[in-house]
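Same chain, two partners: subunit A is paired with subunit B first, then with subunit C.
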Partner chain A sequence: MSEQHPFGAPVTFRIGGRPYEGTYGDSLLETLHRYGYEVPSLCHHEAVSAYGACRLCLVEVVDKRGRHKITTSCNFPVQAGIDVLLDTPDVVRHRRVVLELLLAMAPRSPELRALAAEHDVPGGRLEPDESAEDCILCGLCERVCREVVGANAIAMSARGTAKRMTTPYDAENPACIACGACVYVCPTRCIGLEEADGKRTILRWGRTLPLAVCQQTGRAFTPQFLLEHYAKKLGGLDEKVFRKAPPYR
Partner chain B sequence: MRARLTSPQALEKLRAEIAGRRDPEKPVLSICAGTGCVAYGSLKLADAVREEVEKRGLGDKLEVRINGCHGFCERGPLVLCHPHGFFYQRVQPSDVGEILEQSILAGQPIERLQYVDPVTGARAVKQQDVGFYKHQMRVLLEYNGWIDPTSIEDYIAVGGYAALAKALSTMKPEEVLDAIYKSGLRGRGGGGFPAGVKWKECRNAPAPDGVRYIIANGDEGDPGAFMDRSLMEGNPHLVIEGMILGAYAIAHPGHPVGYIYVRNEYPLAVERLGLALEKARELGLLGEKILGTDFGFDIQINRGGGAFVCGESTALMASIEGFVGEPRAKHIHTVVQGLYNKPTNLNNVETWANVPLILTRGVDWFTSIGTGDVSKDPWGGSKGTKIFALVGKVNNTGLVEVPMGKTLREIIFDIGGGIRDGRQFKAVQTGGPSGGCLPASHLDMPVDFDRLTEAGSMMGSGGMIVMDDSTCMVDVARYFLHFLADESCGKCVTCREGLKHLCKIVDRICAGQGREGDLELLDEISLTVEKASLCALGQTAPNPLRSTMRYFRDEYVAHIRDHKCPAKVCKALITFGINDKCTGCMVCARNCPTGAITGERKKLHVIDQSKCIRCGVCQEVCKFDAVDVA
Partner chain C sequence: MSAQRETTTRSERPALTPLTRGNPAALDVFSARLLPREDYFSAGHRACQGCAEALAVRLIHKVLGRNTIVATATGCMEIISSSYPDTAWKIPWMHVAFENAAAVGSGIEAGLRVLMRKGRLPKRRITVVAMGGDGATADIGLQALSGMLERGHKMIYVCYDNEAYMNTGIQRSGTTPFGASTTTSPAGRVSIGQQTWKKPMPAICAAHGIPYVATVNPSYPLDLAEKVRRAQKANGPAYLHVYAACPTGWRLAPDLAIEIGRLAVETGVAPLYEIVDGRLRLTCPTPKLRPLVEYLRPQGRFRHLLSEDHKDELAVIQARVAAEYAELERRAAEDARR
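And now, the complex of A and B:
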């Protein structure tokens, strides 16, 4: 433990033996990415809190006393004196099994298939989940919806192998503003968004909202409901701002 | 309502007053009302006793006390008659008159209610004469068969809250903490982390507003385990006193806030703890200005919703906060940022119960029990006693408290009375569903935290399931993998998906569809589940699988390569047949649910394998031993 440093204090640590500057408490994964190291990850995004669900961003951390441990880096706080080892034989072995498990969950996902090929994941050993919605339960959509958008429209339901990401009671949720943030962050693109006849549908959540038409171009650009949500949330702005798509405001 | 005690001396005065009111020679009839005995009808027995006492006008001649669990659940309902200490088992309401007449009034034992050792044939007059009790060291459970858990006076009469009085009047918080540190007390909930180290880290963690949470984990979810339940139901004040002392040591001066997290499936524990807290508050042992000092602390009960994973500390804290019970990574320890992101010290119920004993009897007493040397390093050994729930195929099942370091053989054969029905010992699973299964070669291993971990199992919270030679170890692994897959919170991939696939593969092996390479695949996946899962549930979940693969590998091979289940358990791998001992009595044919058995009266019967569902009913009902399993 590095109690002598308050969170946010500058610390030095090592990556593969080489010294680096970091900030105590920062996400190790983000710090590694910032320094240009490649560590695969599916459930992390800088805009939201770390969750540690996909187990892909494994690294081997050597602490000050020389003890080695395998850990995910997204939720590991950068701290003084550690040495972070990437791609050690243990990391590679466990990451491969993790990818094999993920691929069995979302066997059709091109993103996962590419990642699995890149890491030499053996195929055909595990029974793939044929009924899968290609969702790997990374929880990114839920965190974006709650922490960034503030809509709280979706959540995990049930537990263990029955766990699912869904709307309350699997029904169309009026809290959803069809902003599409969940669609954007989804690593396996299993949520889906469709726009037709002046309406936007978030396929997986079964939410359809009419789109507002831009006064400048006459084209539909965003759900009317979403505009109202932000008009209320931001407050005090000239209501005319919301009648045009962003480039024409 | 009693007035609050305003000083440690006032508590001692009250203790003397209670002692003065009680005649040590007055007979006491103690009836076990632990869960096992209640199931055997001990509440009806208690009613019968009260009725009979009333009828005979014996109200002032004896005291009837309803206790928590006495431990020997196998033989309930249990009754103890003081002051002679007569021990009676399997007591029925019809025995009450005789007990009152003979044992209470005349002071004579009743032979037919005594326990007879099945091996030696010796009669046990007192509890200590019973092999089950003789080889135990009952320290935490000492008063379970004596006090009424709803009476704070009973607890005070046996020295209760003396540790608190001593600490508040003569010790600084740091000194209390130091005593626990030096005692080498390690967490009884599973991990075996030294309590003193945890307490110190929590005390040293910055808490700008002074709030530190003190939590007792009573979310005991292991199938067949009831150690914490028996403490909470049988001696709740012991746990509460431990927590108050912990709050003093960890968070005084400051604002300690206490929670006891109890699973809602333990309604009696919830009720008795609630009552105990209320009584302690009345006496000024909880609340502001405890015993008239400037130390204040209170505890509330939080009822768990029945998720096994909520026994994991961070999931438990999420649950108290009102969120879904999912663990989070503990890279920042909960002693620094726990409940509501404040420093939080969580210990298991049994750990807390040790604290008052260490303070009253001393560190030297505590370290004299157990293994290793903790004088330099609290990790250096396992000190004190441990309570186990001894269940499965042993003769004497029940709650067992032994010093650390007792061997598995002593626990299973001396205390447990050996294996049932003359069968052979095969394996013992320690540590609950995610513990490992140890074979006969480990019977002489001393039971402590480190030895169990080395052997591929763990202390866990203290479940101990004994298996005989009719058990299929692949089937055992399958059962526990399914339990853990169901109880996984489902947050991280390795635990949720890893266990799911391990289940599928082992299911396949048990169904006779094992393949070449399955063992290697099981090995590979289970190792990743162990090393790369987020919380202790996932990290220990492969234990039953890995330990059975390590010690009973030939059984896996038999399943996979030979499509045989050596223990004749896995239904897809066995066939039922009728041998020539068959007398043609037709009982099997009448009982077969699928009509698979045909044959004429007094002639050999035959089983149609295509209709047989291998339920085993024919074997059960056959009086002539004519049904074979192959």
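And now, the complex of A and C:
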């Protein structure tokens, strides 16, 4: 009777028929990973909220009445009495189709091609979109920018086939602090960061910021703007602290 | 055998895109919060203060995740993590003799593969890791390691290099650098300490033609995490050489352990690079090396080198560090064109 459990209550459920303990309301994908089950996923990160965009983490869930349904596990809550089936023929078939669609969106991404090869997806059935930015619209960069960094510099724009992840009006956004968290988290590595001539550029967002030089090492280490951002956020800290790169402070 | 080796060591996967070109410390602030939350090497172990090795182990196992089996040779990491009746390990972990971590790891990997083929175990990606200190890798376990690399087992070997046998009392090892004072190579009136140069372990492993070799350093945590991910994905044996500061053995203040790691990279003593399918790439290019003395000064094991008497030796060491770094740069530039 999952209805009677409050969120966060311990519940028992099944994975492939074997009983497991879980927490009601937790992400099913994270629970599966915790128990060592492999479920591929591109758009999920434990540090941010679930979004269900990449559709790779499909599983078949059998509810208490015995009804089967195929669902994404990242945004499906763990609840009492369900049985989670992994890699059933249906799930494998759906996942292959999803991978083919993703490959058409990001034909050049080595990471995605490696994943496709693992799942025996040859690619090529769908015409690859050559003009594509290798972005699979997973929204991970936007969620990290909003929930982890708190900068809100990027968002989805337009709908349907024109949907893109971008900065407002496709212009350089002063809200972007060029921290590079989006570059780090991007599953297809399509954002890109470059440092040259004392400047850092986040290639995809077209944001260029001058870098601060560490007093100790004489090496550029982080955007000046970012240091001012920390100084403001932390407040009252001696600004001398920020003149050196972290381990030398 | 040769045909089989071809399939196990040649990576068929397309090479992964490098995360950053340039400074791997560039992403440290917010991206560090995106490392996996779960720890498999728990707090409360008995490492000394400022132990960079324990930090590296924690980070490595954070990234490798739950489906990992570890075989550790005798050494600091075994002593501090498993003093009876406690354990710091939340994953299957096995302590083996000094010389055979790589052999035991090979056995685990081969066993898992057979059980999966026979259907006795569900097919699942289980990462097998063999770990050893510099003594267990470069001196005592070199034979077993070489065998593991040659047979092409799909597993990771991690060497924690703190440049001496620290847990038994700072005796010199094959990777102790020239001029370092240890209890078996003491510096004094007749000797300047260690008389031989450091054994080039990453080059020895790369010479086996394995798909992935990398040097890592816990002072660059995101670079370390990225290289561990690549090692895990490598289609064959992977070797990680962890350069880890040992405040006790290096006579170094514990609060400088992270800083000394950065200095080791910036002075060119321990450059960060990876060799993917024979192609070398510097992951932290340092166009202008900082003077070696900045790295030597905080460490008591090199204190004698800073005196007037040893000016010549110091110049020799400085020249050798610069030459080795220039050679790496040359090779990286050549491999980038290939």
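In this text, the second predicted complex is superposed on the first by the 247 of 249 C-alpha atoms of A that agree within 3 Å, B and C clash if a C-alpha of one lies under 4 Å from a C-alpha of the other, contacts with A are read in each partner's own complex, and residues count from 1 in each chain.
Keep this in mind: a contact is a pair of C-beta atoms (placed from the backbone, for glycine too) under 8 Å apart; a residue touches a chain by one contact, two chains touch by 3 or more.
What you see is a predicted model, and the numbers here were worked out from it, not measured in a lab.
Participant: On subunit A, do subunit B and subunit C fit together or clash when superposed?
Facilitator: Overlaying the two structures gives subunit B and subunit C room side by side.
Participant: Identify the partner contact of A:P128: answer first if only subunit B is touched, second if only subunit C is, both if each is, neither if none is.
Facilitator: So A:P128 meets neither subunit B nor subunit C here.
Participant: After lining up the shared chain so the two structures overlap, which partner does A:T217 touch, if you call subunit B first and subunit C second: first, second, both or neither?
Facilitator: Touch status of A:T217: second partner only.
Participant: So after the superposition, what angle do subunit B and subunit C open up at subunit A's Cα centre, nearest 10 degrees?
Facilitator: One gets 170 degrees for this angle.
Participant: So, A:G52: does it touch subunit B (first), subunit C (second), both, or neither?
Facilitator: first
Participant: Touching A:P40, do we find subunit B (first), subunit C (second), both, or neither?
Facilitator: Touch status of A:P40: no partner.
Participant: Determine the nearest approach in Å between the Cα atoms of subunit B and those of subunit C after overlaying the two structures.
Facilitator: 23
Participant: Both subunit B and subunit C contact which residues of subunit A?
Facilitator: none
Participant: Give every residue of subunit C touching subunit A within the complex, in rising order.
Facilitator: 12-17, 19-23, 25-31, 33-34, 36-38, 65-67, 124-125, 219, 222, 233, 258-259, 261-262, 266, 288, 290
Participant: Which residues, counting only subunit B, touch subunit A once they are in their complex?
Facilitator: Of all residues in subunit B, those touching subunit A are 201, 204-206, 307, 309, 324, 328-329, 331-333, 336, 485-494, 496-501, 504, 521, 524-525, 527-528, 531-534.
Participant: Going by the contact rule set out above, which residues of subunit A touch subunit B in the complex?
Facilitator: Per the touch definition, subunit A meets subunit B at residues 1, 3, 25, 50-55, 58, 70-72, 75-77, 90, 93-94, 97-98, 101-102, 104-105, 125-127, 136-137, 139, 156, 158-163.
Participant: Across the complex, what residues on subunit A touch subunit C?
Facilitator: 33-36, 38, 45-47, 109-111, 113-114, 117, 144, 148-149, 179-181, 183-185, 189, 193-196, 200, 217-222, 226, 230, 245-248
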